[in-house]
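You will see two complexes here that share chain A, one where it goes with chain B and one where it goes with chain C.
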Partner chain A sequence: MASSGGGGGDRLQVVPSRMTLTQIKGRLSGANKGHSMLKKKSDALTVRLRSILKQVLERKNQSGDLCREALISLAVAKYIVGEEFKVHILENVDKSSLKVSFHSENIAGVTIPLFDKVSMDQDSTEEYEKDTNDGGGVSNQGLSNHQFHSFVSLSGLSKGGQQIATCSENFRKAADNLISLAELQTCFTLLDEAVKVTNRRVNALENVVIPRLENTVAYIISELDELEREEFFRLKLVQNWKERESKSAQEERERLERTSQGFSSFESVPQRVVDGLTLNEEDSDIIF
Partner chain B sequence: MQSHTKTKQTKLLSVIGDEDTVCGFLLAGIGEVSQNKETNYFIVKKDTPVSAIEETFKRFTSREDIAVVIINQFVAEKIRELVHSYRAPIPAVLEIPSKDQPYDLSQDSTVKRVRQMLGLGA
Partner chain C sequence: MEDIRDLVAFNVDDGYIEALVRGYKSSLLTSIDYVNLTQCETLEDVRMHLNGTEYSTVLQDEPSPLSPSVIAEKCSAKLVLDFQYIRSQSTYPLTKFLDYLTYPYMIDNLVLLVTGTLHERDIGELLEKCNPLGTFPAMSTLSIVSTPEELYREILIDTPLAPYFAECVSFDDLTERNIEIIRNVLYKAYLEDFYQFCKKIGGTTEKMMCEILQFEADRRTINITLNSLGSKLSREERENLYPSIGSLVPEGTWKLARAEDVQSVHSILESYDLFRRLLQSSADNPGKSLEDAFIEYEVQLSKKTFEQQFHYGVFYGFLKLREQEIRNILWICECISQRHRSGISNYVTIF
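The block that comes next holds the complex of A and B.
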């Protein structure tokens, strides 16, 4: 297929016809619609991503502070209770009482898992792990008698139990914070990826698919125009030719009529032989 | 445009860090030992080889039942390449300060990426 068609550049290899033109135009409008929709999606995702970016930084700072605080309280607890309580903790690990569950949210077609903290109260080895952060706070009053005694028995010092409770509380807070931070970070990672993919698609449509289709449309149109011009020219040519033909036939007839008036009919026979085109009309004339 | 679906599945948090950090989070109740004695925490001591940390990080990040990996910054610093190239959304890797190492927020892999994006976008 000749590349002399309209638009030059990159285009699809198609047969230039009215039918393919309609097909390509349909595809072009589809691509345009897809482009605008994807653009909107990308915008929506970017807006969300930007708000998350800020939150991530804020949370990072916050969780850093909380962790530091928790570590200080651990140091205090260690100072009061003694190093060995760590051994107790490490030995008594069994089942996790702080877990995360998920529910998903849909942002412009991107599914994002949101983390929910799940605290499981269990009366197993680690009683000091009980959820103590429901309002009662750090003080003894916030803890049940049973729990408090377990701290005391663990440490052997009443003050120590309190310190461990504080420490546990602080680490719980830190863990809560970290869970929400993890949620944001997951969100961030997913959205980042989704934005990239969407932008890639938008760009592909904008810079490759749509120009190619446009070029193809232009090519088909120019090719059809050319066919039309050719057709027109051919029509004109035939018309001219026919006109000339009928004119010469007319002249011939007139001439024949004029000559047949003066001469006898058989004298025009050589004329008939010479000009084959006039033969039929001559014949019909004779028949008439 | 927003829909919520509840899934009942719960996942664990995990810690890689020095003894104090791990202890603290165990105190908060995140520790779990599975039936085949597999823990979701890893204590990094002074003489812990980097390869062991790397191995643990890889194991934790590829475990199905872990949603969050909490890691001390100084530990993350030792395996920075690995942490930085880690891009999967779940489990999320979080860097936290440790007791005796200074905490520099700008070293954090996520913070770096966020900064980069904000810088590019501004």
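The block that comes next holds the complex of A and C.
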């Protein structure tokens, strides 16, 4: 019975009936739909992944240059101002001038983190500019509010201030680049993971689930066909019997009619009548 | 008249030390040494080349991964040793003169310590970062200070910097911003004081040193102007930081205090022959800043001090040249360690 399933191979263990067939067909169409949707998702993710990969490469090349430039400008500042300025600036830092905040974005069902740089003294510069616009700028209150910014611009006041400013500018650029690189890199790994999972699902649907369901459908259909053929054969058989029966009954009748017309023509008629009767009885037993 | 007194009496007290300094000067790295250094591929090669110079003993015991800052640190340590040796051999007017040379470092150290104490850092840690040329005895006790008044009463009063503090700084506002200003006010007071001292010594010393100090003052004035252009240092504050000596006083400083952008600063400086030349030389070479031009001129002035005898300028010149030499070595080492071959020749050759 098992070997009679269509296409051989792997299939679900089900009772072949019309109801199961409908169920399995429903599952098959669901699987096909899911397959096409997952395929679309995987394509979307891959497109995004490619673009991120491009950006990552670009940023990586850039960051090498930027870091180099920053270190060189630090060397220039050291040359002009002397090794000590580092210590002075270190001592005067009490809060970070650059912070990274974080929010997330949804790409085709994958949550990826995005990093935003929050520049602390950028704010104070803006405030300061507002201050100067408002009140001429030299109010003591305004000054005490922005100690940090004013310190940065005053370090190296007498020597190498420009070099220190360039140095800090270059390092800021390098830091910006690193932040965006980190963001892209995280995105990349997450998306890569997601693409892999999705592809695995697509492949599983395509190569395992859908063929199995198809096999099951084919199997059920073939089983049902066979049942039908059996039924048909039986019906045919019954029909044959019935035909034969009616034919013999008719022959009997004809023969009786013939005997009633002339008894003397056949000697063994009574014998045959008896035979016919017994045969009839036996038949009725076998069939019904 | 004074020159004759120099000639007669100088060698009695200071002849030996001057000879000593001239000896040190002759061991400064030459342009051939610099060319050799720039050819180096690694810092180990630098060590090898330095072994053939006066710095032969300096890097001997250093463990192998060298860093540019370690090399510079070791070279500075040698300078400090030499300077302290000179100072210990000197007698009165020269001792005082040499002390004056250490005051800028003292100001830097003091500012560093005060900033550190404001942020409640560990004093021991800060002391390591101080320049050893500018040490003063009360330095390690700075940790007991909690208020600015105490700082002045307990510690600064014993240092040579006390008079500068007394006249320039009110202690109401010891914030970070003000500390940077205090540093410059102190330096200004120091320059003026040193200038007066050199005038008092007179003779060739006066001639030599006043030119150098005037240039130093002008350089500060210009730098302060340029560096404060974008900041919110008010015009009055800026003018307060200008030293009252120098060739720019009074007209140039008055104008500079009112300058609003780099262009106007340049146009003010155009009318001074020296600064026009320096500006021109920095404009001609794209890789050269005005600061580099200043440094070159300073080296030139320092070299000039060795052309005359019987004066104290040589000590100043020696200190500056050695400092420049250390900066050159640092720059070359940085360039080598960062493989920045294109800028490696941006140092200032001394001899």
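Everything that follows uses one rule, which is that the second predicted complex is superposed on the first by the 195 of 288 C-alpha atoms of A that agree within 3 Å, B and C clash if a C-alpha of one lies under 4 Å from a C-alpha of the other, contacts with A are read in each partner's own complex, and residues count from 1 in each chain.
Going forward, contacts are C-beta pairs under 8 Å (C-beta built on N, C-alpha and C of every residue); 3 or more make two chains touch, one makes a residue touch a chain.
Note that the structure is predicted; figures quoted are calculated from it, not measured.
Looking at the shared chain after the overlay, A:Gln163 reaches chain C, while chain B stays out of its contact range.
Of the two partner chains placed by superposition, chain B and chain C are both touched by A:Ala75.
Of the two partner chains, neither chain B nor chain C is touched by A:Pro211. Touch criterion met: A:Glu91 reaches chain C, while chain B stays clear of it.
Residue contacts after overlaying the shared chain place A:Gly34 against neither chain B nor chain C.
Judged by the number of chain A residues each one touches, B leads among chain B and chain C. On chain A, the surface patch touched by chain B in one complex and by chain C in the other comprises residues 68, 71, 75, 78, 94, 128.
Those residues of chain B lying in contact with chain A across their complex are 1-13, 19-33, 39-41, 67-68, 70, 87-94, 96-99, 103, 105, 108, 110-111, 113-114, 117-118, 121.
Within the complex, the chain A residues that touch chain B are 49-50, 53, 56-57, 60-61, 63-64, 67-68, 70-71, 74-75, 78, 86, 89-90, 93-108, 113, 115, 118-119, 126, 128-129, 164, 167-168, 170-172, 174-175, 178-179, 181-183, 185-186, 188-190, 192-193. Residues of chain A touching chain C in their complex: 68, 71-72, 75, 78-80, 82-84, 87-88, 91-92, 94, 128, 132, 137-138, 142-144, 146-148, 150-151, 153-163. Within the complex formed with chain A, the chain C residues making contact are 68-69, 72-73, 108, 111-112, 115-116, 119, 121, 126, 129, 131, 175-177, 179-181, 183-184, 187, 220, 223-224, 226-228, 230-234, 241, 289, 291-292, 295, 327, 330-331, 334-335, 338, 340, 343, 346.
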